[in-house]
Each structure stands twice: as C-alpha cells, then as structure tokens.
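Each of the next two complexes has chain A plus one more chain, namely chain B in the first and chain C in the second.
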Partner chain A sequence: MEIEVKNLTGLRSDEKIKMTAGEVLAVQIPYERLEVFAETLQNAGVHVFSGSLLYYKRMNLKVHIEYLRKWYNSPLKTDDLVRQFNITDVSTRLSKLSRAEIQKLTYIHALLSNNKHIVFIDPFINTVNDNIHLFHKMKEQLVNQGKSLFVAASRLEDAFIVQPDVMKLTEQGLQVVETADNTEEDSISNVSKIKVKANDKTIFVTIEDIEYLESQDGKTYINLGSEKFVMESTLQGAEEQLEAHGFYRCHRSYIVNLHKVKEIITWSKNTYSVIISNPEKAKIPLSRAKFNEIQEKLVKL
Partner chain B sequence: MNMTRAMAIFEKDLKEFMKNMMLFTSVLIPILMAVFFSRVGIGAGAEGEMPPEILGILAGVVFSAVLFSGIMTMIAEENEKDTLRGLLQSPATIIDIILGKSMVVILMTVISLVASIVIISPENYWTLENIISLVLAGMFFLNMGIGLGLVVKSVATTSVYIIPIMFIFGFTPYIEMLITDPDSIGIKIAEYFPIYQHMFVLEGNAGAVEFIVLAAWVAVSFLLVLWAFNKRKNDE
Partner chain C sequence: MNIYKIQATIYRDIREFFTNYAVLTLLLMPPAMAALYGTTAQSAGEKMPDVMIFVVLGTTLSAITTNIPLMLYAEENEHGLLKLVTHTRQDLLNGLLGRSVLTLIITGAVVIISIFIMQGMHIFSFQLMTGFILAAIIFLNLGLWTGLYAKLQSTSTVYGVIVLFFLGMTPIIETLNLGESSIISGLAGLTPVYQLMAIYNNAGIMPYVILAVWLALTTFLVWMVVSKRTETL
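== the complex of A and B ==
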C-alpha cells in the first residue's frame, strides 16, 4: 500500500510512503499533522489505532477478545492471547480497569484484525513500560502474520522505541533521520554553565540541570525538566564541551546526562532506551553499539 | 452479508443487553404490566375474557419499549462512543451489525411478549393470522428503531423519539379514553394505525384490508431505513 506524502503535508511532493507486508515503519510526524494523517490512512483502508480506546465499558476483556476474534474470523485462540498479553483479570468490566490494561486490547485487536496494514498513532503516550514490551511482542507477531505496521509518533524518542531506523515527516517530505552534521566547534572544558537562546533572551543553564540534548532539523535542543531550549552549537560541539561533565552520546542524535540516568530498558534485540529520572520518565534512544559502553560509564560514574 | 460477523455481534450485544439496566428493565415492564392486568382484571367481561384493547396495548408496549427503543438505543450507543470505527472498513459490515443487533432485540421481544401473554393467557391468541399481524407490526417498530438509531448521535437524543413513538404507535388504543365519540375523525385516523390492525385481527373479524394496511406501514418504515442509510453514508 502506498500513501502519497502530499496528502499528509498538503505540500507538493511526489514522494510516497510504502507499507510493505512484513515490514515496520517508524515515522516521526509533527503533532499537528497527526489528525490529517489518521484520517488519510483511514480513508485509504488502513486499520488505524489512535490513542482513544473505543471499546464497550460494560463488557470484560474476554468478551471483547472473543467478539473481535469471531468478527474477524481469526484462527488465534482467546486463551493464548490472554496468556501472551499477561491479562490477569478477564472478568472485570472495562469501566473498572486501568487504561494500561485496556490498551492491551488494542494490541490484541491489531493481531486479530483482518486488515493487512496496521497503523498505531502515538502508542507510547500515556503508557507503562510493561505495555511497551507487549507492543514489541505484538510487532513481531504482526510481522510474522505478514502484516505491515506503521508507527507514527509525535516525539522522536518514541519513534526510536519501535526500532533503530526512523524516518520523519517534515515540510520537505519524508526523511531518514541521520547523524547530526559534524562540524568543528571550540571546545571549552571546566565550564559550569552553557549558553542557550530562547527567543530574544540568552539564558545560562547550569550544566548539572540538563537532562539530555537532542538534535533535530540541524538544531540542538537542551532539555531541562519541563523546558526545552535551542543551543547555539552542534551536537558534536556540545558533546566535546560536556563530555567532561558526565555526558554521554548514547545515540546519533542524543546526548544524555549520565547523572540523570535511572535505568536502561531493553525492548527487543536491538532497541534500547535510557530512562531519565524525571517525572515524565523520558525515554532516550540508545544505539545498539553504545549499549555496553554506557553501562561501563554508568558504573564508573 | 456475513453470518459469522452477525453472530459475533449478536453474542456480544446479547451480553451487553443483559448488563445494560436501561435495556434489560424494558423487557420486564410488559411482564409486570401483564401481572397487573391479570390480577386487577380490568374490564374483564363476564367470562373473564381480556378485552382486545388490553392485549393490543400490551403488544404495543412490548414493541415500542423493547423492540423499537432497544435497537435504537443500541445503535445510538455505538454512534455516541464511536465504537464501530475499528470495524467499519467496508460498507457491507453495517448490515451485519444491524442484523446482529436486530436478532438480539427480536429475541428479547419474543421473550417479553410470550411471557406477558402467558401470564394473561387469553383464548384464541396464537392463531396464524394473529401471529402474522404481530410479525408485521414488529417489523414496523424494528424498522423505525433502526432508521432513527442510524440518525441520532447520542443515547440522550433517543428519549426525544421514544416517548412520542410509544404514545402514538404503542398506546394507540388509549385514544378511545381521550376521545369518547366513536365517530370522531381522531378515532377514524387512529384506526389505520398498526396496533389497531393487530387488534382487529385479534378480534377475528379482519379481512385482507388490515394486512394490506399493516404491510403499507412496514413499507413506509422500510423507506425510513433506506433514507437513514443514505443520510449516514453521505455524512461520512
């Protein structure tokens, strides 16, 4: 199935997004475009799972699975699905279950669906880590079923949770997310503050407060708790500047403050995330190649 | 049409019907009314025979409270919560959904009607002619429910339709209590309403005319369904 990019961005483009059987796409799409995206794909006959949980609140999970299984005439067995997705409570009505528990039903729904093309929109917002593991389980099974999976995420970090190869949809069309450009930059060590710009103001940020840095569209962003600033330097430059302060380049487009790292989660064979100890528990992508190195660094910190 | 899908909907909605207090109590209302009528014996003749008006109203209550309001509420709830979005990928599936839901309400209607009639236990009720008149009248109410259910956007809106439909089509014989003059134009019009046809058949003095009038009502209600389908298709 092919989706024309011009329908998504509204701009002239000959590009097409191709959904191929047994393949997974992870694409970052700006939040404001997600609605158009969902609608376009729905009209194209793709099964779209957006964040809302459209189920019957009086019924329990087992009735739902049974019902969907029959509706799609799926060969999968209800009991197997209940076991695979760690559903412990099959007899409580949905209105009394937590969101995380109901979310498992969307994964099962995707497996049962007779549609060959499945789209998930922002599946990692409002979720728990256990469900991300289950999402990966579902992903593998969808691939085995010969279905194509398209994950659209508004946050780049979320797209990296799906797989290491990520694309993004911008004004220019569809782009592969690549290494930030390497340019020379003056490296100054032994600094305690870093200069960032926010509109007309120049702010000096205490280095220890930085949680992580990310590179997007050639710009470097500094994340401090709930705030985000643009930094007047490339990621490469920032890395040299901050290395001595316990920062680590855990991914082509991310630098993380090792002091703020809480844990590392393995989602599947080659997708990892570094969890930052902040209220949102931000999930920063970790390259496969850096998986061992970061652990050494964290131990020696 | 896909029977497996219709059956999937039927099983799910049967469970949903049982758990929805608003729908489930509607099945009990006519049964309670039947108990009430049989105890009090309103208007019972010398031989204790129940007048056809009471039986007609009972059928009207079953059709309007269970069949009509049941199917309309069930479709409206799906509209409101948007729970069908994931399933509706081909236009044909809406037929399966309606079919599955209709089977649930028809089952409940039969249970409610048979139980109420058994409680009153009138003579000569289950004649072939009367069963045909009940089926035709039932089809009229079912079509009305499907047509309006497809159009309304929320469960709250259904109550706008339930009360008028229940009074006009369900309780038609009560007009004789409002208008006492038997030659009044109101009565003359009311005598063409579906429940009156059923009552004439029940009294045993009906010819082909009553069945033709009933069939005409079914045809009109079917047009409503077609209109609602088209409206829905155009809205989407």
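== the complex of A and C ==
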C-alpha cells in the first residue's frame, strides 16, 4: 500500500510512503500533523488505532475479545489471547478497569483485525512499561501474520522504543533520522553552566539540572523537566563539554545525564530505553552497543 | 452480507441487552403493562377489552422494536463506538442486520409473553400475524433511522417518546370517545397499530396498503441515513 506524502503535508511532493507486508515502520510525525495523518490513512483503508480507547463500557474484556474474534472470523483463540496479554480480570466491565488494562485490547484488536495494514498513533503516551512489552509482543506477531505495522509517534524517543531504525516525516517525505554531526568543538571543562537560546534571550542553565540532550534537524536541544532550549553547539560538542559532569552519549542523537537515570528497560532484543527520573518518566533511546557501557558508568557514578 | 459479522453483532448485543438497565426496563415494560391491565380486568370481573391488547402490542413495538435500536445506536454515536469495527458501508449494513434480527426475535418473544399474560392469544390469526410482522419492520426501521441520526443519548429519548406516544400507544384514543369525525381519530387511523386493529376487524385490503406505504417510506429513510452515516465512518 502506498500513501502519497502530499496528502499528509499539503505540499507538493512526489514521495510516497510504502507499507509493505511483514515490515515495521517507526516514524516521528509532528503532533499537529497526526490528525491529518490518521484521517488520510483511514480513508486509504488502513486500520488506525489512535490514542482514544473506543470500547463498550458495560462489557468485560473477554466478551470484547470474543466479539472481535467473531467479527473478523479470526482463527486465534480468545483464551490464548487472554493468557498471552496477561489479562487477569476478565469479568469486570470496562468502565471499572484502568486505562492500561483497556489498552491491551487495542493490541489484541490489531492481531484479530483482518486488515493487512495497521497503524498505531502515539501508543506510548500515558502507558505503562508492561504494556510496552506487550506492544513488542504484538509487533512480532503482526509481522508473523504478514501484516505491516506503522507506528507514528509525535516524540522521537517514542519512535525509538519501537525499533532502532527510525524515520521522520518531513515535507519531502519519509527520511531516515540523521546521526549527529561530528564537528569538532573546543572542550570546556570545569564549567557549571552552559549557554542556551530562547527566542531573543540567552539563558544560562545549571548543568546538573539538565535531564538529557537530543539532536534533531541539525540542532541540539536541552531538556530540563518541562522546558526545552536550543543549545549553541553540536551534540558532539555538548558531549565533550558535559562528559566530565556525568553525561553519557547513549545514542547517536541523545546524551543523557547519568545522575537523572532511574532505570534501563529492555523492550526487545534490539530496543532499549533509559528512563529518566522525572514526572513523565521520559524514555530515552539506548543503542545496543552502549547497553553494557552505560551500566558500568552508572555503577561507578 | 457477512454471516460472521451478523453473528458477532448478535453476540455483542445480547450482552448489551442484559447489562444495560435502560434496555432491561424497556423489555419489562410490555409484560408489566399486560399484567397490570390483566389484573385490573380480572378484579373488575370483566373480560379484557381487545383494544387494550392492541395498546400493549403498540407499546411493545415502540418500546422494544423502535426504542432499543434507537438507544443503542445513539449511545454508539455519542461515544464514537460505531468506528470500533465499522469502517465501510458493508460493515454498517452487517451490524444493522445483526441488530435487526435480534430486535425482531426479542420483540416476538415479548409479544408472546405479554399476550399470554393478558390471555389474549385468541386475537392472533394468519392475517394479523402478517400485519404484525410488517408493523414490526416499520417500527424497527423507525428505530434504525432515528438511532443512526441521533448524535446524543438525550436526543434519542425525545425521538423515542414521540414514537411511543404518537405511534405506539395510539389505540388508547379509542377509550377517549372522540368520535369518528375528529381529526385526531382520523390521523390515528393512519398509524401502523391502527392497521392491526383494522385487520383484526376484517377491514379488507386497505390496512395492508397503508402498512406497505409506511414500510416503503421508513425503508427509504433507513437507506438515506445509512448513506449519510457511511460518509462519516
């Protein structure tokens, strides 16, 4: 199935997004374009799962699964799905269940659907880690079923939860997320603050308050809790500048403050995340090659 | 037509019927009325007037055959639930067919129970059965039309009450002694439940013609609303 990029961006482009059987695409799409994206793909006949959980509040999970199984005439068995997705409470009506429990139904729904093309939009917003594991389980099964899976995430770090190879939707079409450039920068040590820009102001940020840095579109962004600033440096430069302060380059496009790391989660054999200890529990992608090294650094910190 | 999708809809709606208190109340309404009228007639030592049997029949048609699909669709529209599995016109029609089959079966069961309570089985003949089946499809069409049209549950209540009072309980006008020349009686004489009374009183072919007109009109309305609703799926 092919989707024309011009329908998503509204700009002239000959590019097309190709959804191929048995393949997974993890794509960062700007939040403001997600609605148009969902609508376009739905009209193209793709089964789109958006963040809203649409289910019958008076029925329980087992009845829902059985209903969906019957509707799609799926060969999968209800009891197997209940076990596989760790559904412990099958008798309570949905109105009394938590969002996390109901979310499991969307994964099961995707498996039961007779549509060959499945799209999930921002599946990791307001979710729990157990469900991310179940999402990966579903992903593998969808691939085995020969379905194509397209995960659209408004946050780049969420796209990296799906798989290491991530793309982003630009006006030109789908582009591979670029690695940070390796421009040489002067190393500065023994500094406690760094200079960032916010509109016409120059702000000096205390280094220990920084949670993580990310590189996007050739710019380096500093994340401090709910605030985000542009840094006047490349990621490589920032790495050299901050290394001595307990910062670690955990991914091509991310540097994390080790002092703010809460835990590391393994989603699948190739996908890992560093969890930041902030209210959102931000999930920062961790490269496979860095998995052992970061642990050593965290132990010695 | 997809038999699996029709079966799945029936499976889901059966669960919905018996966990939704509003639907349960509607299901109990005709037998409760039948019991009330039956007891009143019995305590007065009188035979139940046939017109009361038709009041219960009309109430069953409007409260169950119209109001149940109306309420369920209105709730699905309000919460966007129709989009859970319905993505094409074909899906919408399969769901509609499943809900219709179940509603008609439940209507039949409730009518038999209610008439049995009122000891009014004697009114049924082949002709009346034919008329009743036509009337049931007309009332079902009204429920599907208004249900797919209603955006909110609160508006569905208004539609439901209108059908209940103006089309379902019309035979009660007979007890008001308005006279045959009254406009109200004239209009009531064109309603589907009145045609059932006319069939019972051997009024010839005319009641069937009026029912056929109702059937064509309501089927057209359902076809229109299905086309309109398909655009928003």
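In this text, the second predicted complex is superposed on the first by the 300 of 301 C-alpha atoms of A that agree within 3 Å, B and C clash if a C-alpha of one lies under 4 Å from a C-alpha of the other, contacts with A are read in each partner's own complex, and residues count from 1 in each chain.
Assume a residue touches a chain if its C-beta (ideal position, glycine included) is under 8 Å from a C-beta of that chain, and two chains touch if they have at least 3 such contacts.
None of these values were measured; they are calculated from a predicted model.
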- [ ] After lining both complexes up on chain A, report clash or fit for chain B versus chain C.
- [x] clash
TODO: Mind working out whether A:R93 is in touch with chain B, chain C, both or neither, as first, second, both or neither?
DONE: both
- [ ] Please work out whether A:Y55 is in contact with chain B alone, chain C alone, both, or neither, and reply first, second, both or neither.
- [x] both
- [ ] Have a look at where A:W71 lands relative to chain B and chain C in the superposition and call it first, second, both or neither.
- [x] both
Open item on the list: Let me test your reading of the model: by the given contact rule, A:V63 touches which partner, first (chain B), second (chain C), both or neither?
Closed with: both
Open item on the list: Quick check on my understanding: which residues of chain A belong to both its chain B contact set and its chain C contact set?
Closed with: 45, 47, 52, 54-56, 58-59, 63, 66-68, 70-71, 73, 93
TODO: Note which residues of chain A are touching chain B in the complex, please.
DONE: 45, 47, 49, 52, 54-56, 58-59, 63, 66-68, 70-71, 73, 93, 109, 113, 115
Task: chain A contact footprint on chain C (complex, rising order) - done: 4-5, 7-9, 11-12, 15-16, 19-20, 79-81, 83-85, 87
Open item on the list: Per the contact definition, I'd like the list of chain B residues that touch chain A in the complex.
Closed with: 4-5, 7-9, 11-12, 15-16, 19-20, 81-83, 85-87, 89
Task: chain A - residues contacting chain C, complex - done: 42, 45, 47, 52, 54-56, 58-59, 63, 66-68, 70-73, 93
